[in-house]
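Below you'll find the structure, written out as structure tokens, and then a few comments.
Think of it as A, B and C in the order they're written, each chain with its own count starting at 1.
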């Protein structure tokens, strides 16, 4: 109707060319609402709430570790780290993770190959079993090894008769650490390799590659970033494990104390600056892990994580 | 509800998607926005709905300026290309959603809402599926549910974005006819976006052909097909071949040969002559005819398609002749143009 | 054994246990996987179950329902539930902010979310304790309000919140990112306000992932030890968590009591795992395969 009464050209104020830039837009913006966004005030409020929560729960504790560690000055800090017991704890931690990480790396690759490249009965049950250590309390994980290898255990007495100590010694600590870090590498690899399918490997084999060559030349390069990512997480957990190791270690200072256990001992002795000094080393390890992980994600984001939902 | 669009312009990050488009849509009309991808047709549809805010310009619903209104105040029924059904709600809850989110003053009682949802399912001919979930439906059923959901709010305008784009050919054909019938029954002002010219031609009262953020032509399907306003429309709608010609005082030259005074009123200089395959006739005379070498002959349904190589540039011209026409032994043939369009080049 | 049997099944007379493939190494890798899994996880856990079974029903029941044990289990479970609930709310908020908004240092914030995965629990424990102790950076402002966090059950909740934080964020984030915007636009065209769209359309679509993250955080928190023992105060019947009680029983050489409690916790862990799988299965069924 309006069309007939008013010719196009005289559709007055609106036909005026819009004033350039913001002054023309702004009053209208106030009424028109984007259908999928929030008002700026709401947006700022939500961001502030999220950041405040993260600040109190994550950031402040992290900052506090370094502040407390350096409270007594750099001299005290370095002295705490140069303490022979601290050095022994660092050595033991490195040794244990040098055992646990490669062991779980080999397992992760094997499990991922079998699960991702083949179809067989009971596959999803197997994946659930691999996830199991994630939901078992670390203390329970430590306890099971005490029950088997301890002085009251099934194998303990026989082994100690043959001069092998497991509990309250390095083998027990390594076993407990392997248990709690068991799923890390496998869990990173399985979804990615499942998504990549078997086409590349089949092509390699059809071109005459052996199984090992196909794995080394095709599979590994495809998953190398996810593999590194899994190893990083596995290593961080292996070095930082507390509960499981605490149960099997026996807390023999300078012998079976790992870094986290050493932190506990110092803390319970009220040697706070020293406790936080050792803790700061572990925190640096965590930060390095996060940094590497973020770099991996930013540079190789597409290939690192399987896209969900499809 | 009639709609007036006034000099609507939209830029995304400084890149113009729509250059000051004006259009009038009559109440009860079924209008197609047709164009290739990137022509701005979906942007125009979203601007009408209020899903985007124009850089400048205005949209009128009737006499009322709707430009300032948010999408939820505009009361438009919008059917999304991929339907956008709520996956966690049953079909009936999907349809009832628009009524349930009204504020208490205007919200109908629950039993009325439920009855209305059932009626709408009846209307889209899916009376039995109210309790199912979207992922249990076929593509065509989802499409109808999306339409029922859009109609539930008794919209002033119905807007559909590539309504049949995600369906297979057979379902698409069925739904087209059905939607046309539904439109005749309900009489909503309806605008739909499509890149499929057949769909636009078959369904709509008027077609708006868009290209590169501008309206190229508005008209009834016949008008668009028979009298394309620009070389772009001619090339986009239906089959056609283009020849480079020169206009000299109304006379058209193909190379050095004159085709006759076909372009009265056109400026002198290079031009493009567009011809549809069916608008040429085999002729024995050479005066005023387009002659060329037969490069290929193909069977195309009830017709025989001849590909003619014309001029020294080797331009190809497609000509359709009845399948019964014997293929001439001579490699060179002449055709007389029956209908054509000539547009200045550039 | 499994590996040796498989080629015979693959030949086709018996129901196939695995689909044929041209790729080699199935027997070897699966064999090693099963062996290693058994040696490191299944046999040790089996030993625990066997030991618990060896206690006899009446002894086990007596140990399992000991008041101190029950109090410890209740605290572990309720505190974990509270922490997982806090994380469900704030996890969705953080995921929303990370996916939908751009703000300075967004990438740094994104990276920091995973801190609880990387920071040793003992370090987190002493840091949170120092922070929320009555003389700590935050605790000193809460103390005058009568709010004591460290050395109370609230401290347990605080530590478990830290530990479980990444789970909800990381399960919700990818689902939110993949959520089609046209669904929100559809809600708006139907007249829904932004709040109605968020609460009736977006959050219900996220619900399976929120529940999964919640269950993961809960499972992790119930068994948590290292970050809690420093901040909890460890008063029997009040702020003593179940894993700590296991350690205490072990130090008392009361292997039976430790075993019974550990078996209970293992049962809870299994239940959680089952629940998580169930949530995901139901979510997939309700929302279709592409949920």
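The working rule: contacts are C-beta pairs under 8 Å (C-beta built on N, C-alpha and C of every residue); 3 or more make two chains touch, one makes a residue touch a chain.
Quick caveat, the model's predicted, so the values are computed rather than measured.
Taking each chain's centre as the mean of its C-alpha atoms, the one that lies farthest from the centre of subunit A is B.
A count of contacting C-beta pairs for A-C and for B-C identifies A-C as the more extensively joined pair. Subunit C has its Cα centroid 54 Å from the Cα centroid of subunit B.
Rounded to whole angstrom, the centroid-to-centroid distance between subunit A and subunit C, based on C-alpha atoms, equals 14 Å. Residue positions 33, 35 of subunit A each touch two or more of the other chains. Shown for subunit B are the residues that touch two or more other chains, namely 51, 70-72. In subunit C, the positions touching at least two other chains are 185, 188-189, 290-291.
Here subunit C touches subunit A in the complex through residues 6, 17-19, 21-26, 28-30, 32-33, 36-37, 40-42, 44-45, 47-48, 51, 90, 93-94, 96-98, 100-101, 103, 107, 109-124, 126-128, 130-131, 137-138, 158, 161-162, 165, 174-175, 178, 181, 184-185, 188-189, 194, 219-220, 222-226, 230, 242-244, 246-247, 250, 255, 258-259, 262, 265-266, 269-270, 272-273, 277, 290-291, going by the rule given at the top. Interface residues of subunit C, counted against subunit B in their complex, comprise 180, 182-183, 185-193, 196, 200-201, 204-205, 207, 286-291.
Interface residues of subunit B facing subunit C in the complex, by the touch rule stated above, are 49, 51, 70-72, 74-78, 80-82, 84-89, 97-98, 101-102, 133-136, 149-150, 152-153.
Residue ranges on subunit A touching subunit B, taken from their complex, read 1-3, 8, 11, 14-15, 17-18, 24-25, 28-29, 31-35. Note for the complex: subunit A touches subunit C at residues 33, 35-38, 43, 46-47, 49-51, 53-54, 56-62, 64-65, 68, 107, 110-111, 113-115, 117-121, 126, 128-141, 143-148, 152, 154, 175, 178-179, 182, 198, 201-202, 205-206, 210-211, 214-215, 233, 236-237, 239-243, 246-247, 259-261, 263-264, 267, 272, 275-276, 279, 282-283, 285-287, 289-291, 293-294, 298, 305, 307-310.
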